[in-house]
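By letter and in written order, the chains are A, B, C and D; residue numbering begins at 1 in each of them.
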């Protein structure tokens, strides 16, 4: 029972979009559009699972005065303030969208934090390139040469250096050998994903359900 | 909110930016502060987003409006599935949570499978069928691409030991992969630098310049 | 001199040089020219082939973190479409800030084209939740997917929404995308509804999209800031009036062409480090043998 | 061309469009108007076809009664030859006629109808995809049942799998912990499901060796499933008492805030081994480069192609694309799953054969295979 019901459901619900892909009839397509929004709702309900865990962990950190506990206060305060201004509109019905403070906090605090964290990548690509692009063997040398050619091809400086030859060369590299390899990986990975999907739909692969009764 | 000709928000923004950048030197209390604040605020942000952009328009509003119109009562199904997720907390009925997971995973797996077969495998296979007898340089490049696709697919072939001719072909496949990885890496550096420019141009143009010029 | 020590130089030295390289052109732009490539030319030519009787959908599928790359792209494309008086429907699929991108970009560019009529020449339909669901539903009716525009005004009766009913009436979809959304337009909308799709993406996604470009599932791919700079260049060459806009000082700071200066410098720094690393690598190997 | 249409045409016969013909008026710029339910759609379209030449402007008119009031649906030109009316109500019967102006006179063609849009039961233009899907299902089911019968299937050693075991071993020797990052997408992504089955294998190893493991999560559904998976692995390894709730934690839903927390953990807690397996985006390099700098052994695996170059350059071993799925089947201990790897291989052979045949046929001037592979 406890395993059969979920497996039967996976099969039925999993075959539905496959069916709907080939059957245009409105009876099928209407339901399919509904399912799209329904599952977004299910996913929304999952968020508290994470919130409960995070809050619990940090509260116990503060209680036990574990190292770095003051940072847990910062975390919980940030969470509380942001969540409050996020939901207050819906709860009181006062705002149709977000509380203006919510948008301010996002624009001037969350968004710059995101952007700066993201921008660290500029430094990391540099250090990774320095370390990884060494002509250790044939494969590494190919990797190194392709990288340098494309880097030079992307910047105006490369063309200045070679009389305009770098852009066409790097385009050729992107459009021919790169595209060929990408295509090989795309086809392979898509087949892998399709066979994994079939395993899940048919109930052959069940790790995600947990094994116990 | 105008302090020194620069709004307090710009100061906050600049401070948090510098806190994160300081991690490049080493882990420090400023970074730790920003990181903790970031974790908390971002989760709070998503609580707001999910409530306002998903639950409100897709669940709460339609149910409030009318229970019967447009089959709105069917919305009780995803709601029930969502609530089932919480059964995890009660050991005796924890298995019920699986029902929600089964539906969620089943649906997306079906959708994605069709998308991969229809949108990727078939068109990419089709496009590998290229003319090789037209003469000229294009035919040569077409042959190169075909060899690339075949050799990479052979590299991913698991049923045979990679020895002999298969071994050689899969080696060629690895070369193609290496060209692709190198080229992609080189290509992407630009994207990453753009991000840094965005931050620096904020610090210079919105924060420091106005401070200097008054 | 200890070569092995040089081989493993402190990452922080690299970080410092990268930071300096990024700062210089921001303070003082240089302005090196770029050469347009085929994947970008594809979009330019397509837009050139369209006129006031055609409609284009531009979808803002990115958030604040991709602004430095995709804003200059969006500006050049909007200017180009508006100059040719092509009808433009603007929308957003990216949940985290896509709609803000659309609002800011439209506000900025529409001010340069006072002759255009909102609701007839262009419309900002705003954000629609659900990822692929609205993309599919637009094949049936755009008006049903977007009953109101971004301001909450009813789209019922707007000439552009009345006349451009679904993908059949759309000549081209341009997605300015980060992550997977650009791909959806190709393997879902182009594959299932046969609308030409062009994608302007961050440079990360571009290498993969070359495969889609080859198969013409995407008629054009604009990769990152370089793609933006190329498009800017093409538009500036053809339309002196637009070129004049880019000469204004406040625009110069953030244009793609200026950004390419920073790119040049940092790319050269990284290449120099790679070359240095390899010299040291071979030197230490020689030393090891000796 | 014509050969290809035989199969879809047979299926079309099941849903023969009900069409009605109008009269040809002598000397008119358009004639032979016919209207029929648009085939292979969800009942939202009526297709009109006519014969006509030149850029002669015409109007498509519609009414619900043959002699009723005709409203303009759209403008067209004579040479268009067809129009799909998507503004119909499903099931309502309509009449159509074309209107055009000659000199000062407005003339109309004979009305055709009644015609109604109805939902159809098969997308004829997706026959090839249907065949492909059926073949894929057949291959997987076939090889899995072969494996079930106990027949030995040869699968070459996947070198990434050794790397996984060695990486766990190293952490055990060093007495430090293992960090397992299951990607940043939800369970709606197939890679995440693959990642969970690899996690199960690794958690069993850590249970047996008594190594500490931490699984920080970005997605709450994955968090919940990962906790279940790890708990189960400890149970099956006979060490349920060693499982601790803190092993699987939730961090935050934001991609970069998640990356910030994980990198901080990597620097502060210095795990011996990092596994980065699942679906990754821009954070891939932030995580992998920080982990590398912190001196960890790293094994990555993803089918997100844009991130592969970064993992390849910063990790000790990377499972590329399809290898991720193969590894998850390989590791899940059940030999039947090996059947599905075999199925993937056969699918590749079939595809290569189709490509090869297509290329040869194209060389001889026939684009038959390319044509049938055109998808919509």
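In the analysis below, a residue touches a chain if its C-beta (ideal position, glycine included) is under 8 Å from a C-beta of that chain, and two chains touch if they have at least 3 such contacts.
Because the structure is a prediction, the values reported are computed rather than measured.
Using the contact threshold fixed earlier, the set of chains in contact with both chain A and chain D is B, C.
The minimum number of touch steps separating chain B from chain D is 1.
The greatest centre-to-centre distance from chain D, using averaged C-alpha positions, is reached by C.
By count of C-beta pairs in contact, B-C exceeds the other of the chain pairs B-C and C-D.
If you average the CA atoms of chain B and of chain C, the two centres end up 17 Å from each other.
Averaging C-alpha coordinates per chain places the centre of chain C 25 Å away from that of chain D.
Remark: chain A and chain B have CA centroids separated by 3 Å (rounded to whole angstrom). If you average the Cα atoms of chain A and of chain C, the two centres end up 20 Å apart.
Contact with two or more other chains is made by residues 20, 23-24, 32, 34-35, 38-43, 45-46, 49, 54, 58, 85, 88, 101, 104-105, 108-109, 112-114, 117-121, 123-128, 146, 149-150, 153, 156, 177, 180-185, 187-190, 193, 195-196, 198 of chain B. Residue numbers of chain C whose C-beta contacts span two or more other chains: 11, 15, 18-19, 22, 65, 129, 191, 204, 206-208, 211, 214, 226, 263, 266-267, 270.
Taken residue by residue, chain A touches two or more other chains at 18, 21, 37, 39-40, 43, 46-51, 54, 110, 113-115, 117-118, 120-127, 129, 131, 133, 143-144, 147-148, 151, 154-155, 174, 178-179, 182-183, 185-188, 191, 193-194, 196-198, 200, 208, 210, whereas all remaining positions touch fewer.
If you sketch which chains touch which, every chain touches every other chain without exception. By the touch criterion stated above, chain C contacts chain B in their complex at residues 12, 15, 18-19, 22-23, 26-27, 65, 67-69, 95-96, 129, 186-188, 191, 202-204, 206-208, 211, 214-215, 217, 223-226, 253-254, 259, 262-263, 266-267, 270. Interface residues of chain C, counted against chain D in their complex, comprise 11, 65, 140-141, 165-166, 168, 179, 191-194, 204-205, 207-208. Of all residues in chain B, those touching chain C in their complex are 24-25, 49, 53-54, 57-58, 115, 118-120, 123-124, 126-127, 180, 183-184, 187-191, 193-198, 200-201, 204-205. Looking at the complex, you find that chain A touches chain D at residues 18, 21-29, 39, 43, 46-51, 53-54, 57, 110, 113-114, 117-118, 120-121, 124-125, 127-129, 131-133, 143, 182, 185-189, 191-200, 202, 204-205, 207-208, 210-212. Residues of chain A touching chain C in their complex: 33, 36-37, 40, 111, 114-115, 118, 122-123, 125-127, 129-131, 133-136, 144, 147-148, 151-152, 154-160, 164, 167, 171, 174-175, 178-179, 182-183, 186.
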